[in-house]
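Handing you a structure now.
By letter and in written order, the chains are A, B and C; residue numbering begins at 1 in each of them.
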């Protein structure tokens, strides 16, 4: 029973990692760039929701403010692409990586200016709620996190596999010029992906802030989400979720069964091992360049 | 003994047979061309020689050595140099530096002596420079010597790639579509250069080319390929009149 | 505009273009050598700091700027050099041996780390090195018996050929030590770039396939580059340790790694100048911010409140501006300005314009 409890809390954490990883994968799938600021976007989304909902700020009712903050983050994602990322059109992956790291710095700084550096929790109707399954007692928030994440992942997966726009996004990533010639509005598609990533970040942030608390450096969680994305194989949406769950579940078990001092290394050690032995992840997409 | 020997070479990518039981020999001192429709496996032959792929079956020998025992970066040391279909130059370096990289296989100095730039390194650099300057003169690249590749027109890059391959002082030069994308004048220049490379420098040339004018103008023998297999092998005139080749290009007569 | 007529191959092989350029660099060298008599102790310390960052920047520049392998984990090698140096000193090894050894050890470890990293490209390598950098914090805590763990270590004055080098007591001696290392590393770097090894680094950066076809062993070249890069970074780390005098597991965080990479991007990737210009920016930014904060406080009468994260935030903004508007960095900007003056009034706006490239998938490598 104890093990099961650990498993559930690990799964809930893993879902948040998975959601951030989902953001990486979305942008990677559509633009071949990696957004190192995804964790910071999540933090920003959480703070926007807190700013709208919590009594000390605006005190709006929970549901409308959640929807509003997801919308705001979508717009922020779009604007980031429109005014910053798009100027980098066609430059190397690494340049975009450095740019997004810098963006993360700036977002952290701005969030610190507005909301301060103390941890905040999101006031929400689920707080303290419980779901009982036999002897098992689950936090309402944990259940919500798991359900929302599953729905979102498979929704996005279906979107990329089935809809025209989703396919256009994939095409745009594999060869911009060819996609452009095929009549895919590459730039608009890229903007939409960033908006989508912003919205996903907001959802991750809201779920995270409902479960615990956030402060401006929470965005560094993004690094663990990298582990998730790499394990899943950058470019695979279900892979990101699976990777997130692996990392999330590993943490509480490592803390329980491995000596203190070694346990927090576990996700990074797994990341390093993964990169050494199977860099293309569980769901591989890498092939050899043709000359 | 021939310079380059392909013996029953087969290469498969998954279910696709890219090269099928291919055998041919390139003799020392000749210009040997490979022609064929797109997807016939011409560039794959080059990539096999460069050791980018391991053949599924068969043997490749160069100058008496079993090439399959050599790693990709070791091929140049035996005297094989190549150009690429889509130009693979070092874009953010000057033409001179690109050519000097071609001298890499003649490097005799160690990292330590290079860090201190000892007299032996200096001597080697002067020697390298001497060789490279002759190639620059040969291919008329003087105006571009100190220019970055990234700013050069397509035709010039094509020539720089040939120059870089020559800088390795190869025995066998592989040219992957040397005339593709060139203007009529540039193609004519390329034709004289290939002729001179063989006559003046004594380098054997193996090339893949679509321009039949260029092929019949410079090559001694032509190999026609389709679907990874040999269609015909002979002088340009023989191959051009071969019924199998005509069929592969124009389709079966109705 | 000066035109250099070339009549000898040595004009391209030697590091300077002409006597004019050589004399400029000699004047610069003379100025920094006499700096202890010109500057007070505070600014001398700041200048020392800039030079140490410049050495670290040169180290990373070899790997990222010239071999094209982005590392987000070089703080790990700074830490390695720092700890190796101090632990050797504690074992009674004289500084004159401990210091070079510290770099050598770091270089060898770096080359070993490179072996598994060889198959990784672009972002994967960046993530790999970033994970290493995060792990170093924990590794230092776990190896507490040698490293001092969380409580850290203290390093006192060292002596070199009988000269007492103390960061606080004899700042000029420490400055000259750092300057000496800087000059030595820079000269080595210049030599590297004009010899076959340096060119093979550039070849690997620009096109791995054709480097291979020219006989460059890509894996070996990358390993060499990693080794050299980490060796230089290790020396910078050793000097950082001496400069800070106290340090622990939190001194060399992943943020330092990121700042180091950003520094060389701001300075200009792929040039020795870039490492120095970037170091100047990162070294003087805190001073500049505190001075401008005071100035704002004076003019508008506000109290000069501490704004946490201001430095990093401003640094991020500067970086974004550079990547978007001057991807060639400060050195690139300087080249443009110089060309403008040299060609006046014939400078054209698109003189440095690069051909537009379209992104193709890097998944198909």
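In this section, a contact is a pair of C-beta atoms (placed from the backbone, for glycine too) under 8 Å apart; a residue touches a chain by one contact, two chains touch by 3 or more.
What you are looking at is a predicted structure, and each value in this text was computed from that prediction instead of being measured.
Novice: Please work out which of B-C and A-C is bridged by more C-beta pairs in contact, and write that pair.
Specialist: So, comparing the two chain pairs, more contacts are at A-C.
Novice: Taking the mean of each chain's Cα atoms, which chain ends up nearest the overall Cα mean?
Specialist: Going by the distance between chain centres and the overall C-alpha centre, it is C.
Novice: Any idea how many Å lie between the Cα centroids of chain A and chain B?
Specialist: Computed value for the inter-centroid distance: 48 Å.
Novice: Please compute the C-alpha centroid of chain B, do the same for chain C, then give the distance between them in whole Å.
Specialist: 40
Novice: Between chain A and chain C, what distance separates the C-alpha centroids? Give it in angstrom.
Specialist: Their C-alpha centroids are separated by 32 Å.
Novice: Can you list every residue of chain A that touches 2 or more other chains, as numbers and ranges?
Specialist: Those would be 291.
Novice: Chain C: which residues touch two or more other chains?
Specialist: 209, in rising order.
Novice: Got the chain B residues that touch at least 2 other chains?
Specialist: If we look for residues of chain B contacting two or more partner chains, we find 52, 84, 88.
Novice: Taking the complex as given, what residues does chain A use to touch chain C?
Specialist: These residues of chain A touch chain C: 31-32, 34, 84, 87-95, 97-99, 101-106, 108-110, 112-113, 117, 173-177, 216, 223, 226-227, 230, 234-235, 261-262, 264-265, 268-269, 271-272, 275-276, 279, 285-291.
Novice: What residues on chain C touch chain B, complex-wise?
Specialist: Contacts found on chain C: 9-10, 12-13, 188, 191-192, 194-200, 202-203, 205-207, 209-218, 224, 228, 270, 354-355.
Novice: Under the touch definition given earlier, write down the residues of chain B that touch chain C in their complex.
Specialist: On the chain B side, the touching residues are 50, 52, 71-77, 81-82, 84, 88-93, 96-97, 100-105, 107, 109, 111, 114-117, 121-122, 124-126, 129-130, 133, 150-151, 164, 168.
Novice: Can you list the chain C residues touching chain A in their complex?
Specialist: 70, 72, 116-117, 119-120, 122-124, 126-128, 130-132, 134-135, 138, 141-142, 209, 254, 258, 261-262, 265, 307-310, 312-317, 319-320, 323-324, 327, 356-365
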